[in-house]
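Letters are used for the chains, namely A, B, C and D, taken in the order the chains are written, and counting of residues starts over at 1 for each.
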């Protein structure tokens, strides 16, 4: 009897595995011939799920735009999005699935440097084009010749921020950012540039994301009595921080947000009134359309800046495929490298010799009356 | 061999064992009797090093028994059994026996990996010994059965047999006969006598006065944590203090119910039992 | 497809080692180690740091194992006389502290960016050949670990561990120092987990603090619980099943055309429900622990 | 000084109700229920949904609905999962509760999305209270927490239900023998525990925002509070929450630079969340029964 039982259980387990195996085969066949499919690995679940979802929406907007404009090579464009769960291992699993099963010539991803680097290294080995839309760690440069970034790496953003803040006359700054690859990278670059100019970063507060309150971080800022608070945060944390800063009376000190639209997306307008910050192109004369398009489609401001970079990644890949006249990875790589100046949602994009975004024309913006406005240089 | 010097143990405000001193000589069989809650099991736990005394000292074979190293007395030859052994369900009877033996090669992770030959030889000798002991308690046929699947009485016998794997010098037994059927009980007494012949001293906590009377050279009676009598078993019923301890404020003549072993209860009238002894 | 399958197999083997390690601690020894990923992580980071310093991997891997064994020793000493569930929570807290150190001490661990660009296994080989060589190495090490764990389970050491799991008082009464046993099994389990972590780092050429989240410990527990606590083969089977399922659920999404933002939740939900179903319907797992019949083996 | 006290009180009110609910459930179910903290986002999410569906219903109505939903969920989980799991021992129950926590989190994410949401509460300028700064909502949260605590302890002391709960927590067998319907009282107790966690979650969401992942962030601080106070001890949970809050606030504000006399030097913020973990470890090692224990020191 017990034996019988064991047998049925075992065969039940077998059936489950069988179903998965069948799905694996089916997944490969499901891709129709009249589409060109790119791949994307994004953190749709786990700690960075908000960002991953914003990235996915960027892809959705881009695919719609490309197909409305006639698709690629006369065929429709599709992007197969896989979830990394924010785990390096799942990210690589996903990339492998895209490459060896879905046969995508381009894979876009991920957000965390910790996942982007191994995914990029894997794609490099496989000869597949990798476009990084979200990680700004300088290590990305070393991945190889098949890896491109549509996001400016930390050194560019840090230098711009330092100059802007110094130019406003602030000398004593505190720095507040999430304790992750992004926050650390942008912190060290900003600090170096700001101190080279003669300023001083008196406190660096890299906070753990997802906390219920940030009073202790903010109390430390108050204790340091800075001229300016340079900060960055994703919609959710930034909203809490801004609210608590307001309630602590800290909003009297000038705030400077790195990617201000991201910092203010979920915040109450009263709490961020008067904040200054740097931003990519969304507010500028030729970038606002992206923000409007996002708002129109999803009914809300984007929660992070990362949707625009991902949008640009898909658009550039599509442009490269059209230019190459082929969906072969090697040809796409060449076309991407030779694409020249591309007018993206996040401003003009051109790659340097290492495939990284050469320049990023940031702008200084301010938050007034519920919206972001370009500030005088 | 084993001695307690002015040992006291209290739990919170309650004193379970109160200034007890005792001495167990070689090859002696000593019964530990007393009503429920008189501190017998606590004393046994103290003697075996499972509990630390609040004050006083317990010495075995020249060394102090310390609760911080409760495993040590057992290695030195002072072993104990449990009222309810609760044997593992996923270990065989023979495995439990082997666990009672001292197999240094197999117990070392290094040697068990690197010297399989030595481990096998060591085990072979102990398996022989274990089968012999199992035969004596009628469990040889169940050697490969799960130990936790045995009946309560069989588990007790197995617990006892496992303890004997290491030829202890002093054996502390907590109610060895509770739940064991009467025919086995008699054989167990014989068996314990033979163990004593082998050079082992025994301390037995027991409610069955017949069993105590049959077996013990000497009895210690406890009440409220203190030793109230130290005499031959047959002198117990004549000891006014002991009788009072058992009967308490009850009217004489009312049979006294002594619950033994938690799961198995028995009604024992101390006077009839005493008379039989 | 072939390469993807090889990858899943390599991952199964690596996590198989981690599962065998946890099975030795939890299945055989009854120790609810909820900080298993810390031991894995110590090995992973040690190998990453050493190979970055120029040590070749055959030297770095044993060093990583030693570091993780020390970690196991430490958490064993820490919980000397704690009750099982309390100790479990303590290990969870210790694992989080280890992760915080990995996250914050960037001079050593690279901080949130982790350590990348590690010279991995078999740099001379390419593509499928490299995957095959890696798989052979990982499978060999898994086999070695499993045989070792099985052997330890059969001898007196394992018997005492099992006795300790079910009745620590009885083990003590029979003269076994259960604290020493606990520390030993955690050190051995630590070395095994460190091996898995080191292999993981070498294979992916990367390690970062996100790999040390408590969720990873839970995945390893899922493997062991699913396969059957106390059975070495069960741990290996569990590791294969969970790794395959985890890698395979996205395919299910393609077949059934689920929106991609749901698959993430679905995957986590599926893992949770498998564990729950096994615990409630078949608590002994797919490959239950068997009784070791010593007597019958001998004439 | 006042500021530190206020900050501590705010953090205490984050943790106290949820920790109290945890210890309340532990008292009757005897295993550390990891899924308990997920009742906080669940309650808050339901409250938010109700507030959105019935805009006229008012905040109080929505909060009551959310709290009751959390209590009901805790009770159903106990009735259909934990009763059975606990029968297989605390290890199964612990792992099972981890699995359920994962499933709840994944389910909440699937239904409510990953993006945090806010209640529509008025934003008021801060008050200056003898140099300490706090807002109306924070005052309200502290006050509501205090009222809930007082009400709960009064119920425990004064009502027959409270006496039954205490009796079962102290000695289930004896309580059953004296005629208490243990199963029913246990279910009611678990319901109360879930409700308390739900209220805690709603307050958190009111003061800041609803983050579906809030349970994960609360897990260790809440367990730290419960363990520091003594698992199962009800006043202990509140005192433990206060102790954790005080430790976090103090350690983050102590200027270690004063000792070395070279400018302000604080503990890196990255370790803030580690304070709770460290306290768990320290408590378990030196005083496993918690600050408030009846048994006194270990032998």
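By definition in this document, contacts are C-beta pairs under 8 Å (C-beta built on N, C-alpha and C of every residue); 3 or more make two chains touch, one makes a residue touch a chain.
Because the structure is predicted, anything quoted here is derived from the model rather than measured.
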- Select, from A-C and A-D, the pair of chains that is joined by more C-beta pairs in contact. A-C
- Compare the CA centroid of subunit B with every other chain's and tell me the farthest one. A
- Query: Which chain is the middle one, judged by CA centres?
  - Reply: C
- subunit B and subunit D, separation of their C-alpha mean positions in angstrom: 47
- Cα centroid separation between subunit A and subunit C, in whole Å? 32
- What whole-Å value do you get for the distance between subunit A and subunit D if each is reduced to the mean of its CA atoms? 34
- Item | CA centroid of subunit A to CA centroid of subunit B, Å | 70
- Message: Touching at least two other chains at once: which residues of subunit A meet that condition?
- Response: 45, 47, 49, 53, 179
- Would you pick out the residues of subunit D that each touch at least 2 other chains? 106, 109, 268, 270, 273
- subunit A residues touching subunit C in their complex are 9-10, 13, 16-17, 19-24, 26-28, 30, 44-47, 49, 53, 56, 80-83, 85-90, 92-94, 96-97, 99-101, 112-115, 117-118, 121, 125-126, 137, 139, 142, 179-181, 183-185
- Note on the structure: subunit C residues touching subunit B in their complex are 148, 151-152, 155-157, 159-160, 162-163, 165-167, 169-178, 184, 188, 230, 289, 291-296, 298
- Query: Can you list the residues on subunit A that touch subunit D in the complex?
  - Reply: 45, 47, 49-50, 52-53, 179, 202-203, 205-208, 210-213, 215-217, 219-220, 223-224, 235-236, 239-240, 243-244, 246-249, 266, 268, 270-271, 303
- Touching residues (chain side subunit B, partner subunit C) in the complex: 48, 50, 69-72, 74-75, 79-82, 85-92, 94-96, 98-100, 102-103, 105-109, 112-113, 116, 119, 123-124, 127, 131, 143-144, 146, 148, 159, 162-163, 165-166
- Item | subunit A-facing residues of subunit C, complex | 1-4, 7-8, 11, 103-104, 106, 111-114, 116-117, 126-127, 200, 204-211, 213, 215-216, 241, 244-252, 254-256, 260-261, 263-265, 267-268, 282, 286
